[in-house]
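Okay, got some structures for you below.
Shared between the two complexes below is chain A, which pairs with chain B and chain C, respectively.
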Partner chain A sequence: MHIPDGYLSPSTCAVLGAVMAPVWYRASYKLKYTLDAARVPLLAMGAVFSFLIMLFNVPIPDGTTAHAVGASLLAIVLGPWAAVIALSVALFIQALVFGDGGILAFGANTFNMAFIAPFAGYYTYALLGKGAKPGAKRQLTAAFAAGYISINIAALAAALEFGCQPLLFTAADGTPLYCPYGFSVTIPAMMLAHLTVAGLVEGFITLIALKCIIHAEIPLGLEKTDKEEIQDV
Partner chain B sequence: MNRPLPEWLQENVTINLPAPKQCVRRFDYLEKTLQGIYKILAQDAHGNSTAGKRALLQQIEPHAKLIAALILLLAAAWTKKIEFLAAVNLLLLGLAAQAGLGVKSFMTRVWLPAFFFSGLAVLPGIISWVTPGESLYTIYSGVHLQLGWLTFPVVLDITKQGVQSALLVILRSASSLGLATLVLKTTRWSVITKVLAKFGLPAAVVAVLDLTYRYIYLFLLLFLEYIMGRRSRLAGREAQGEKLSWIGGTIADFLRITREYGEDIHYAMQSRGFTGEYHGQMKLKIGLCDIGFLIAAAIICCFA
Partner chain C sequence: MYKRFWLALLALALLSPLGLIADGTAWGEWDGKELQSSLGFVPEGIEHFSQWQQALFPDYTVSIGRMALSQAAGYVFSAVVGSVLIYAISMLITKFMLRHKNKTVINE
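Entry: the complex of A and B
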C-alpha cells in the first residue's frame, strides 16, 4: 500500500498533497479545540501506536504473513481526526527513516492511508455499530466491516492513482513516464489482493484488537465529544 | 586411576538420521516481526555511527544539504532521461562510499528494494501487451492462445517503450530512496527536525515528530521483549485463532501503555513549563563549501 517514488508523477503527488493540506489543517484545528493544545505527547504516542500496528506480521492461512495498516482501528480508538495526524506522522517517519513509501509520494500515501482509510473505517463502524452494547456481536461485526471496507477503499484509491498515470503522462513515442499500467491492470491487481487477503487481515485485526480493548476496559477516543466540550465550557 | 570405558560407551552404533530436507525456510509471524525490529534497530545504530563521521556530506550545513536533496529529488521526478537518472544513482553511490556508509550496505538498502521489488512490479510492463511500441525482442509470434475469457495476443514482444518506462520507474525509485538514505545517515534526526522547523513546519508538528521518533525506539525494545516472552512460552504448533488473539491482546496492551506514557510525558512536560512552543531553533551557518555544494546540485539538475 505504501507507494514509492517513481510510480506517480510529481503533479499527481502535488495535487494529492494539496488535497491533504486542508485535511491536516482541519485535523489540527479540530484537535486544538477538542484536545489540550499542549498535549502533543498524546498525539506522538498515537503515532507510535500506529507505527507498531503496521510493524506486526499477521499470519495468514497459507503460512505467509501480511501487514495491517490499522487505520480504522486507530480511527475507532483515537477518533478520526487524531488518526489522521497519528497516521500521517507514522507515514512521514516511515518514508524518511525506513524508506517505506516515497517522499514525494507522501501526499498520496497520506491521502490513501491517513485520510480515506480512517474516515471510511470510522463511518462504517459508526453506521453499523450505532447503539450497540460494548462487546456485542454487532459492534464487533461493525469493527470487522470497518477494517475490511477501509483498506479496500484505500486500495481502490491507490489503484486509480496508478491507473491514471499512463493516460496523463506519456512521452511522444508512447513511453509511459510513470506507472505503466492502466486502470484495466491496476484495479484488478490491487483489488484482488485486497478483497481476498489484505481486507480480511485488516478486518480481523480490527475486530480482535477492539474486542481485547473493550475487554481490558481501555477508554476509546482521544477527542472529546461535543457534549463533553459543552460541559467543559 | 584409569578406569575402562563402560561397554555401552564403547559400542559403535550408527544411527541413520533422516537427511535434512532441502527447502526454503519459512519464518513464522513472530520471527518475521522480530527480524523487522532488529532491522530497524540495526539501521538506527548504523545511522548514529555514520552521522558522526568526518566526511563531505557530514560537513555540509544541514539546511544546504536538505535543499540540495530536495531539488535533486524533484529533478529526478521530472526528468525523462534515463542517462540522467543512472548518473544520479552512481553519484549517490559515490557519495555514500565517501560518507562512510559502505557501498554494500547502501546497495542493500537502496538498490536491492528498488531494482528487485520495483523491478518485479514493472517487469510485465515491458511487453507489448501492456506497453505497445517498437519491438526489441519477440517472445513469440503467430500463436493463438486463449485461457477461458482471456485471449493472449498473437505476437508478444518486449518493446523499447516498455523497457524505457520500467527503467524510468526503477531508477527514480532508487534515486529517491538513495537521497533519503544519504540525508538520514549523515544527519541526526534532531537536526533534521530543527531544519524542518526553520523551513516553516509548525512547532507542534515538529514536537510530535521528535517525540514519536524518540519513543518508537523505546517501544520497539518493549515490543521485542513481548515477542521474546511469547516465543519462550511456545511449544508445538499454534492455532491460527491463538495467533490472532495474541496479536489483538498485544495491540490492546500497547494502546494502554502508549496512553499511559502519553499522559506521563504530558504532565512531565507541563511541569517543566511546556506550552506547545518549540524552542529548538537552529542558526543558519552557510559557508563557502555549502554554497558550492548547492551550486553543484543546481548544475546537476540543469542536465535533467
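Entry: the complex of A and C
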C-alpha cells in the first residue's frame, strides 16, 4: 500500500499533503495535552512495531504481495491521534531511508495508513468493543474487526487515489501519465489483496497483540483521549 | 516494564526475512522494468518521478561500498536500523511536545 513516486500526479500528492497538514497539527495539539510522559516509550515502540510488521509480506493469490500495518492496534492502545504520529514517523523513515513509498507521495501514504486506517480501526473498535471487560470475547472480536475493516478502508482509499489518475491525467495522445489503471482495475486488485488475505492478517495481529497488552495490564487509550480530558485544559 | 515488548520487537526484527518468502511486488509498487514488461510502456510520470530520489537502502537491500549483504541479512539489518531511527525520532517528537506542555503549565 506504499504508493511510490510517479504513480500519483504531483497535484494529487499536494492535495493529500495539504489534507494531512491540519491532521498532524491537530494530532500534536492533542498529544501535547493528553499524552502521559510515562507512555512516550510506548508510543515509540508502537511506531517500531508498525514498521516491523510491515516488513512481513504475505502472498496474494494474484501473484502480488501485501502486508499488515498495525494501525488499529496503535489506535486502540495509544488513541487515534497518537497513532497518527507514530505511523507517520514509521512511514517517513520507510520513504526516506528505504524508498518504500514515495517522498512526494508521503501525504497520500500517510493519509491512507496513518490517518484513515487508525481512525477507521478506532471507531470500529469503539463501536463494537467499548465497555467490554478486558480480555472478554467481545473485546477481542472488536479488535479483529477493527483490524480487518481499517486496512480495507485504507486499501480502498489507495485504490481510489490510483484509479483516478488515468481519468484526470493523460498525455495529448491519451496515454496515462501516472498510474495507468482506472477504478475498474485498481479497486478489484487492492480489495482482493486486502479482503482475502491482508485484512485477516491485520485482524489477527490486532487481536493477538491486544491480548498481550491487556495481559501486561497496560491501560488502553480509548478512555484517555475522551473529549472531557481535552476540555479540562 | 516494557521489557517483554522489547523482546517481542527484537523477535520480529530477527524473523523479518520470513517476509521475503512471499515472492512478487505489492500491487501498484512496480518499478519501470516491471511496468515495461507488463504494460509495454512506462508512463511518463512514473519514468520521470520514480528515480528522482535514491534511498540509502532501497527496498531494504544493503550494500556498503562494494560489499553487499545477502537479501535476508540486509532485511534484518534494515529492520534494526529502521527501528532505531523510528524509535529515536518518535521519542524526540513526543518529548518535544511534552516539554511544550510543561512550559504551558508553568506559564499558567
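Following the convention adopted for this analysis, the second predicted complex is superposed on the first by the 196 of 233 C-alpha atoms of A that agree within 3 Å, B and C clash if a C-alpha of one lies under 4 Å from a C-alpha of the other, contacts with A are read in each partner's own complex, and residues count from 1 in each chain.
One rule holds for everything that comes next: a contact is a pair of C-beta atoms (placed from the backbone, for glycine too) under 8 Å apart; a residue touches a chain by one contact, two chains touch by 3 or more.
This is a predicted model, so every value here is computed, not measured.
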- Of the two partner chains, chain B (first) and chain C (second), which one does A:Gln139 touch, if any: first, second, both, or neither? neither
- Of the partners chain B and chain C, which touch A:Thr186 in the superposed model: first, second, both, neither? second
- Task: Mind working out whether A:Pro61 is in touch with chain B, chain C, both or neither, as first, second, both or neither?
- Result: first
- Message: Taking the superposition on A as described, I'd like to know which of chain B and chain C A:Met1 touches: first, second, both or neither.
- Response: second
- With the two complexes superposed on chain A, say which partner A:Leu52 touches: chain B (first), chain C (second), both, or neither. both
- Applying the touch criterion given at the start, work out whether A:Thr110 contacts chain B, chain C, both or neither, answering first, second, both or neither. neither
- Check the residue A:Thr124 against both partner chains and state whether it touches chain B (first), chain C (second), both, or neither. neither
- Query: Thinking of the overlay built on chain A, is A:Ala90 touched by chain B (first), by chain C (second), by both, or by neither?
  - Reply: both
- Task: In the overlay, answer first, second, both or neither for which of chain B and chain C A:Ile208 touches.
- Result: first
- Check: chain A residues flagged as touching chain B and also chain C 4-7, 9-10, 28, 37, 40-45, 47-49, 51-53, 55-59, 63-65, 85, 89-90, 92-93, 95-99, 102-104, 171, 175-180, 212, 216
- Any idea which chain C residues touch chain A in the complex? 2, 4-6, 8-9, 12-13, 16, 18-29, 31, 35, 39, 41, 43-50, 52-60, 75, 78-79, 81-83, 85-87, 89-91, 93-95, 97-98, 100-101, 104
- Touching chain C in the complex, chain A uses residues 1-7, 9-10, 28, 31-33, 35, 37, 40-45, 47-49, 51-53, 55-60, 62-67, 85-86, 89-90, 92-100, 102-104, 158, 162, 169, 171, 175-180, 186, 189-190, 193, 212, 216
- Seen from chain B, its contact residues with chain A in the complex are 26, 28-30, 32-33, 36-37, 40, 43, 73-74, 77-78, 80, 109-110, 113-114, 118, 122, 125, 130-134, 160-162, 164-166, 168-173, 175-177, 179-181, 184, 189, 192, 202, 204-205, 207-209, 211-213, 215-216, 219-220, 223, 240, 243-245, 247-256, 258-259, 261-263, 265-266, 269-270, 274-276
- Task: Enumerate the contact residues on chain A facing chain B in the complex.
- Result: 4-7, 9-10, 13, 28, 37-49, 51-53, 55-59, 61, 63-65, 70, 73, 77, 85, 89-90, 92-93, 95-99, 102-104, 171, 173-181, 185, 204-205, 207-209, 211-213, 215-216, 218
